[in-house]
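Got some structures for you, see below.
In what comes next, chain A is part of two complexes: it sits with chain B in the first one and with chain C in the second one.
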Partner chain A sequence: MSSILTAVAVICAINTALAILLLIAEALIVDTGECRITINGEKELTVNGGRSLLATLKDEQIFIPSACGGRGSCGLCKVAVREGAGPLLPTETPWLTPEERKAGIRLSCQVKVRRDLSIKIPDELFSVRQYSTKVEDITDLTHDIKQVTLKLLDPPEINFKAGQFIQIEVPPYALTDEPVYRAYSISSDPAEKDRIELEIRYVPNGICTTYVHKRLKAGDTVTLNGPYGEFGLSDSDSEIICIAGGSGMAPIKSVLLEMARAANPRRCRYFFGARSGRDLFLADLMRSLEKKLPNFSFIPALSSPQPEDRWDGETGMVTEVVGRHVKDASRAEAYLCGSPLMIDACVKLLREKGMPEDKIFYDKFA
Partner chain B sequence: MQELGFFAILFSAVFTNNILLTNYLGMCSFLGCSREIKTALGLGSAVIFVTAATSVLNWLVYAFILVPLDLVYLRFIVFIVVIAAFVQLVEMIIERVSEPLYNALGIFLPLITVNCAILGVSLFMVIREYTFTQAAGYGLGSGAGWALAIVAMAGIRQRLAQRSRIPRGLEGPGIALIIAGTMALAFMGFNGMINLN
Partner chain C sequence: MKQSVEYNIIQDNMRPGAITRDGMLGHDRRNLRDIIEADDAEVHRLGLTHTSVAARMRDLRDAGREGLGETVTVLERFDVRVDSARGKLPCPFRHEGLFEKEFVEVLNRGNGARTTFTALNIHMIEGHGFYEGLGSPFRLDPARLARALGLFHET
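Here is the complex of A and B:
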């Protein structure tokens, strides 16, 4: 017994000594001192070097969208770096097309700030802010999707376009040692500036979804940043085809609420795919929108309806249902939100129906 | 066994008992990083530094912690931990001192941690019961021997790439392995000058 204890103690002692040595070395060696970051040739920041560009910019209240929180696994945090980034890293190459490489696009979570940098980011990212909010309400939409209503505290209002998303900060808890950020589409009407709604589906062991489903309760404070994203209704008058599945309902709902408020006369069909009756939600709201918008129809589709659902609507995969309803899509626009598999299948189908690729807009849930 | 001095052991570790060419340890980075002399030199010097430092450190840890406490069986874990910490240190230093070298070494730098030549040196010195000076000489010598082998290999490959037409089926690792074998044969010529075992 005592020999086991000595063994453990010795290993611990050696490891601690080495860890302390490394920490001292890191403090002495890695800090590269102050670096200047020039943004869009105008704004200039003076920051401490040694960390990733993404993290450094976040400390300066400039939020680059990133769904994975800086692990290099989502490929969203692209930034054009004109000077000072160093050569492309193997962790970045899978995310960049040859054109992007030529244009100096890099993943900001992989680029380390080592010297003065000159970067270019879209102007709208300057309007991205950090918000502190309070949970006003959490309701079950289905057995695994919750609707979370957040009341904005500071700043008290948010301006966003229907279809955009925000990032929630998940504080450290049992599943994570450091704050992580996860992106969710806003599902409420942009006219409601003092609160936002999110629809969050539970993923077993998902860091953010577990936090929201098992821990968060009304009255808690939540930090978020945003809004981000280009997903949203175009300015044309062509027909609209929306296709969503699961919590992909969120951005589409926001777009529809805005259309209802503006009494938008465009023809719009919304196909919503679910497995069975218990996965279908907000159908009443959609029916009431059908009354407000004369050219809107909601077409839910169940892929495997259960006997107790007494389902008399469309059945089959959402792509099959779209295929049955839409004959010629060459003059329509499509807005998709759902799993990557669903998106890929829908894009393929719509292309077959004659829709040009640049008329298909989507957010993929990674 | 006759007692070998620091320099004798250093010399023999470089030439007669080259850890790479007689024990075939550390082959992966030897093959992966030997395309250019410059990179090979960089990796070689990093390996020299790490082997020299870790053999001394590991000897101290072994003699003053593991043996008195009767924990010799922990040597594998302890040696690897010490090596890993040292590689981290070297990585920080190289990143600070020479960024081009840091980028050129790429993944092979953290991979020094699992370079079996380095763990091999620590284990050999323990098995052969070296004294402290001998261990220091052996560590430095083995590192230098490994560096010599990879630099020589890089020189040959660099020249091959410029001048020779290699049969298609042997390009890349194929020809590298043949060269490594030939080099090992050449180094066998030194064998017998000093016997380490």
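Here is the complex of A and C:
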């Protein structure tokens, strides 16, 4: 018996020694000391090495969009690394096309800062800032979509283009023991610089959506960064076809509010898909925009209207309704926002209607 | 029960931060093989197979996709909504390919049971009989899952 106990004790001691050795090695090897990051050949940062490029840049107030919190599972945080990144990792390869690999594109969450780096990022990311905000209002738009109004505190104003998105920081709570970031389109008018509105749909088990729907309340502070994205109205005279579903309403609403303020004369049809009356929201606002914009029409479509809805509008999937209304899309351009399934179906339909692929703009949620 | 080195590597892939933020094991301290064997026994006790469970999940997912992100009624008794988050996930069992972060919400209106699963869940059940560990955010208890899928004949 004593020999067994001795053997167990010896094994435990060896394991402990090995663990300590690993910790010491990590401290000595992984912490690579000071490194320089040269950005776009101009800006130079001196940082402590050892962390991911994404996290290191965030500490320097340079925010690269990322939807998975640096786990390498969203493929969003791409940057061009000219020097110092080391070999491509297996976790990056599924996200990169052969052209991107050739151009030195990497996932910034997977690249560790271990030596001096030279990187290239879009200039517009330099205008991305972190904002401290206060929840001014939370309104139920439907049974599973909330509108959150955030008053900007520091800095007190944000400049964004209609269609862009921000990232909310969710603090540690029951579903997460570390801060996580999630992206949401801004739904308010860009002219309103001291506050922004977001429309957030509840997702079961979703870390951010659960936080917003179950915990967040008026008066709470929220940290966000942004703005990001290139989705937005083109500078042309073409007819506009907007198609959205669910919280895909958000960027389209921002675009329409801006059009109304500018009295934009372009013809615009907005198809919005919902299941039944309880899933339809902001219809009154859209009707008021019809009065401000003589060439704008709002066409909501319910796929399964209920008797209590007393619905006399369009019925069917939003793609069916678009198909009935749009005969020739060859001279129009489209703005789509919603689930990937909806986007894919709409792109296919619009292509069949003659719309060139480069005239179809979308903000896919995935 | 002891498990192979191969299973140890797979179990490492399931820990928090390896593939998903929260991992796939929850607070379950059992070996992966023990987790799989316990669920396998439960599935058999219910008179089901992993293939039949996965087939119903896939059928509901495929029918739910017709809703283009909105809820649709399937087989007159299931409310199904299919949506996606940005990104893709690899199989922790080291199969080739990546799975869309597609999630499927199902409400069985006949008995009020609900479940939410992902494309990766369907694959892991069908290919590996893995329903995730106890306490994992996407743990699919076989009996509850079967009830939500209408596969469990309630007495």
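We adopt the following convention: the second predicted complex is superposed on the first by the 341 of 366 C-alpha atoms of A that agree within 3 Å, B and C clash if a C-alpha of one lies under 4 Å from a C-alpha of the other, contacts with A are read in each partner's own complex, and residues count from 1 in each chain.
By our rule, a contact is a pair of C-beta atoms (placed from the backbone, for glycine too) under 8 Å apart; a residue touches a chain by one contact, two chains touch by 3 or more.
Since we're looking at a predicted model, the values are computed, not measured.
**Student:** Scan A:Arg114 for contacts with chain B and chain C and give back first, second, both or neither.
**Tutor:** Touch status of A:Arg114: first partner only.
**Student:** Could you look at A:Ala334 and tell me whether it touches chain B, chain C, both or neither (first, second, both, neither)?
**Tutor:** In the superposed model, A:Ala334 contacts neither chain B nor chain C.
**Student:** Does chain C touch more residues of chain A than chain B does, or is it the other way round?
**Tutor:** C
**Student:** After lining up the shared chain so the two structures overlap, which partner does A:Asn205 touch, if you call chain B first and chain C second: first, second, both or neither?
**Tutor:** So A:Asn205 only meets chain C here.
**Student:** A:Ala67 in the overlay: touching chain B, chain C, both, or neither? Say first, second, both or neither.
**Tutor:** A:Ala67 contacts chain C only, not chain B.
**Student:** After lining up the shared chain so the two structures overlap, which partner does A:Ile14 touch, if you call chain B first and chain C second: first, second, both or neither?
**Tutor:** Touch partner of A:Ile14: chain B, not chain C.
**Student:** Could you look at A:Pro94 and tell me whether it touches chain B, chain C, both or neither (first, second, both, neither)?
**Tutor:** In the superposed model, A:Pro94 contacts chain C only, not chain B.
**Student:** Per the contact definition in the header, classify A:Val81: touching chain B only (first), chain C only (second), both, or neither.
**Tutor:** Neither chain B nor chain C is touched by A:Val81.
**Student:** Between chain B and chain C, which residues of chain A are contacted by each of them?
**Tutor:** In chain A, nothing is touched by chain B and also by chain C.
**Student:** Show me the residue ranges of chain C that touch chain A in the complex, using the header's touch definition.
**Tutor:** 17, 19-21, 65-73, 82-90, 98, 100-103, 105, 116, 137-138
**Student:** For a test of understanding, state which residues of chain B touch chain A in their complex under the given definition.
**Tutor:** Touching chain A: residues 61, 65-66, 69-71, 74, 77-78, 81-82, 85, 88-89, 92-93, 95-96, 99, 103, 106-107 of chain B.
**Student:** Enumerate the contact residues on chain A facing chain C in the complex.
**Tutor:** The contact residues of chain A facing chain C are 67-69, 71, 73-76, 94, 175-176, 180, 183, 203-207, 245-246, 248, 273-275, 279, 303-304, 317-319, 338-342, 345, 364-366.
**Student:** Would you pull the chain A residues touching chain B in the complex into a rising list?
**Tutor:** The touching residues are 3, 6-7, 10-11, 14-15, 18-19, 21-22, 25-26, 29-30, 32, 86-87, 90, 114.
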